[in-house]
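Shared between the two complexes below is chain A, which has chain B as its partner in the first and chain C in the second.
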Partner chain A sequence: MIRRVPIGILSLALLAGLAWAVLSLPATPTGLTAESLVKLPESGVTNPVTAVLLNYRGYDTLLEVGVLLLAIVGVWSLRRGEWPAVDLRDRPLLMSLLRVLLPVLVLAAGYLLWIGAFAPGGAFQAGALLGGALVLVLLAGLARRVLQRDRLLRFGLALGVLVFAGVCAVTKLLTGGMLQYPAGSGGKWILLIESAALISIGLTLGLLYLGGRPALKQEDSSERSPHAHD
Partner chain B sequence: MISSWSIALLILGPLAAAALAFTFPKQGRWMALASAMVTVGAVVALGREVLVGGVQTHHVGGWSAPLGIDLRADGLAVLMLGITALVSSAVTLYSPPYFLAEHDAEALHRGRYFWPLFLFLWTALNGLFLTADIFNLYVTLELLGFAAVALVALAGKREALTAAMRYLFVSLSASLFYLLGVALVYGQCATVDLPSLAAKAQPGPTLWVALALMTGGLLAKAALFPLHFWLPPAHANAPAPVSALLSALVVKGAFYILLRLWFEAFPALMTPAVAQVFGALGAGAILWGSVNALFQKRLKLLVAYSTVAQLGYLFLLFPLAAAREGGFLAWSGGLIFLGAHACAKTAMFLTAGNILHAAGHDRIKDLDGITHVLPISAFAFGLAGVSLVGLPPSGGFAGKWLLLSASLAQGQWWWVAVMLVGSLLAAAYIMRVLSHAFTNVSEPRRPHPIPPVMEWTALALAVLAVGLGLAASWPAELLHIGAPAALGGPGL
Partner chain C sequence: MIEADHRIFLLAGAVLFAIGFHSLVVQSHLLRRIMALNVMGSGVFLVFIALGSQAPGPVPDPVPQAMVLTGIVVSVCATGLALALADRVQAATGKVELEDDAQTHRNATDATKESRG
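The block that comes next holds the complex of A and B.
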């Protein structure tokens, strides 16, 4: 109890400070909204959120895609994950639901990716759907063999960062500025980056569900003879 | 404006290497080596561009601030990038034998994850030093924090996991405090571009609260006393090359952002009282960290508490550089001290790793005779100690000398007293290790052999820490370029 008193006082002080700060903000919000709308026609997309994420402040997003990859590298470094014990293959009703649901989820992810250029949507939203679909696949015990292909998974997870960094280098070559798309071609570059990011984001979110790196057959054998390689 | 490749390569090089090191897990060390070569080349090139042509700016996406993000290299950024490249290159050379020497298979497997995590850390640091955008700084902090936590956990032991968990909580909540501050600054000033904030910042409740939140978060990340509690367990239990990276570089990232915020973005809010508070916390860190270092039983914990103490000296820069007279003297002194500490602390942690590998423990009282077994490592530890204590001609001496001169010139004699007491305490804890290490033993021990590269990289960094004192005019010259106007000109 005694320890909670100072914590409570600190929290109240923080609340008071924040309230004071927020109430002192300018009455009419200032910001960069107007300027970002003026430049929207040059950005290659018509959805201002996508323009901010992948054009004006695309560099932030490059590093954020890096954070996602880093998250899965960190989780994989900690421990080996466990495959869900539940097997749905002998539950015909659930399987027939998945048969409908999975294609719809993939289709919806593709739609969200495409529509992101014009309306709310984009790689992160689409990736979340794809990640959800992957969790269902894992729960159902499907595609286990594909999910044990270590190299393939690693490549898919890193694809977003690799393509994004590649686009940075190519645009630097073409225009002299990282992520400075040649005039009029912004939309295509953004779609390229988002497609690669979609795969990586979907895989990352889905595989994080395992809580560790997928247990692999090859890994077990290579770990028994650690001095064979490297 | 078409900028050169050096800034782009400093970000893209380590980032691509990190992704590739994860994709091809057995090639990690080669990716790091490639990244080291690219990065060192790019830093040298960027340094020349800055020395010749002044501050370099890269408008990412072709939009200039405030709509886009600017990457900006001034003398300070180049100095930090150079220190990062040096320490990271040493770690790149040191780490392959370190992780291959692990005996159990699980540890060996974890060693492969070191490379992508390390390269992400490197990307984050380069990004942090280059960006001129306070929101982008948050993204680099996220990258930096997660990479650092995962690297601590890589040691795999129970204590390391506990320390990593605590580090994660501190680092995450500190990041959120920082972000909260950024949101308030944007609401008030309508920009997140660091150089243009100074003109728009009107001291008022919003900015005071914003800056307090950001500073609080960053002080926790920089482990400044009394927010240092997470540092000793995290730095002492991590694998040795990771401890070196954390102590030499990661905590300095947060310190660097504080310098940018208080001296460049919001100099109007840097009142004498604020400056004295920073100095007082620094003084507390020097005394508390040094006294604790003196009483540690394990070498790595001693070195970690020494980091707590040495970070204190960096914060003496605030009251000394904020003064009108001799501000630049203290500014360059503090930053030379930072470079010397980075090199010396890397050398010390790498040496501690060598001792752990050779002797199987790092208990200080059982280090007798280690000089016979690891003469090069013991010499490296001694040299690094010379710089930590601040004996001439080391970099630590040059940095302290400039800080002392500034405080005497400004009549702030109380910092002189703190620095002298701190140096005496540092001499005491370094001598405590050396007196055990140089004791002769009757029966020679049979240690595990250590690959020479692990000893020589430690020695190279220790030599650099001492040599920096002889070449201190060079970083000072670099620091003039783009130095904050708040320092009041080139100083004395």
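The block that comes next holds the complex of A and C.
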């Protein structure tokens, strides 16, 4: 709240510098469109964005899945998750909505994962849908028993990194290059990585909403109202 | 020169970044700072996508799209971690500001009081 004027001037100077920088860029930037399209037939997919994410720049995505895991590990080590205070399981309207919505969300996530090879879509978009579905489940207080199975959740959260690292090792052995898929089978490897990443991304995004490691059963039962049962 | 359609997106990205930067420095509440970082990130994503969309070729440049896709997921997770950290700060100190900021504010308030008194 102090020194407002100098900070305002600094921000305006930053804006002027950035505006000058973006406007003075050449009109036809030397993009990588041509390069990525030339190799597209060999990449195993026909959607150039998926080819970039999981073939040309696979390292990026491997590290990103690692960052996701680090973020949730960080959150889990900082806090205990809190279940929503209100139990919504006896609200008929919400439950009948979820009965329709949750399968549709899971189905749409699977569709986005599959279509990612040919059209816009992929593990991240699908993972966002799964994450949203998980947030609904958490809000409604469903599936608490599953969500208290620590080992299962940990395995699901780490699955993306584990499978990705496994594919790195196998492709290294098969072709001599890490994440350099054997000719003609790129699509299968990409689908394998994306399926594992989908589960981890969905779980990570959903569980971040809980804000910490799910509370254990005994702590949970003491916190909840006595009339509610799993 | 870049064509006008794209200039508006590039400028909007620069404006978002500057607004976010200003809030990041001026606001001391941690929640506002986390939001400021997100606004700055959105500005960067907008510039990336705008540059990718005017690259030569039959389709927009897929590389910036892939990088922004990566960036969005990372920024969501980083925000989650930052919120958990902010909550810890509040649990430990009872304040939603960092100790240094609070100190600076106190000193500034004290100085004002002294000069008045």
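We adopt the following convention: the second predicted complex is superposed on the first by the 214 of 230 C-alpha atoms of A that agree within 3 Å, B and C clash if a C-alpha of one lies under 4 Å from a C-alpha of the other, contacts with A are read in each partner's own complex, and residues count from 1 in each chain.
Convention: a residue touches a chain if its C-beta (ideal position, glycine included) is under 8 Å from a C-beta of that chain, and two chains touch if they have at least 3 such contacts.
Predicted model, so just to flag it, every value in this text is computed and none were measured.
**Q** Could you tell me if A:D60 is touching chain B, chain C, both of them or neither one (first, second, both, neither)?
**A** both
**Q** For A:L157, using the defined touch cut-off, is the partner it touches chain B, chain C, both, or neither? Pick first, second, both or neither.
**A** first
**Q** Classify the contacts of A:A85 with the two partner chains as first (chain B alone), second (chain C alone), both, or neither.
**A** Touch partners of A:A85: none, neither chain B nor chain C.
**Q** Could you look at A:G74 and tell me whether it touches chain B, chain C, both or neither (first, second, both, neither)?
**A** In the superposition, A:G74 touches chain B and chain C alike.
**Q** Check whether A:V49 is in contact with chain B, with chain C, with both or with neither, and answer first, second, both or neither.
**A** A:V49: touches chain C, not chain B.
**Q** Which holds for A:V100: it touches chain B only (first), chain C only (second), both, or neither?
**A** So A:V100 meets neither chain B nor chain C here.
**Q** Look at A:S11 in the shared chain and tell me whether it touches chain B only, chain C only, both, or neither; answer first, second, both or neither.
**A** A:S11 contacts chain C only, not chain B.
**Q** Applying the touch criterion given at the start, work out whether A:L32 contacts chain B, chain C, both or neither, answering first, second, both or neither.
**A** After superposition on chain A, A:L32 lies in contact with both partners, chain B and chain C.
**Q** Of the partners chain B and chain C, which touch A:T175 in the superposed model: first, second, both, neither?
**A** First partner only, chain B.
**Q** Enumerate the residues of chain A that count as touching chain B in its complex and touching chain C in the other.
**A** On chain A, the overlap between the chain B and chain C contacts is residues 18, 21-22, 25-26, 29-32, 36, 57, 60, 64, 67, 71, 74, 78.
**Q** Using the touch definition from the top, list the residues of chain B that touch chain A in their complex.
**A** 2-3, 5, 8, 11-12, 15-16, 18-20, 22-26, 58-63, 66-69, 71, 100, 105-106, 108-110, 113, 116-117, 120, 123, 127, 135-136, 139-140, 142-143, 146-147, 149-150, 153-154, 180, 184, 186-188, 190-191, 204-206, 208-210, 212-213
**Q** Across the complex, what residues on chain C touch chain A?
**A** Against chain A, chain C makes touches at 1-3, 7, 10-11, 13-15, 17-19, 21-22, 25-26, 28, 47, 51-52, 54-67, 69-70, 72-74, 76-78, 80-81, 83-85, 87-88, 104-105, 108.
**Q** With touch defined as at the start, can you tell me which chain A residues reach chain B in the complex?
**A** 17-18, 20-22, 24-26, 29-32, 35-36, 39, 55-60, 62-64, 66-67, 69-71, 73-74, 76-78, 151, 154-155, 157-158, 161-162, 165, 168-169, 172, 175-181, 219, 223-224, 226, 229-230
**Q** Inside the complex, what are the residues of chain A that reach chain C?
**A** Result: residues 1-2, 4, 7-8, 10-12, 14-15, 18-19, 21-23, 25-34, 36-37, 48-49, 51-53, 57, 60-61, 64, 67-68, 71-72, 74-75, 78-79, 122, 124, 127, 201, 204-205, 208, 211-212 of chain A touch chain C.
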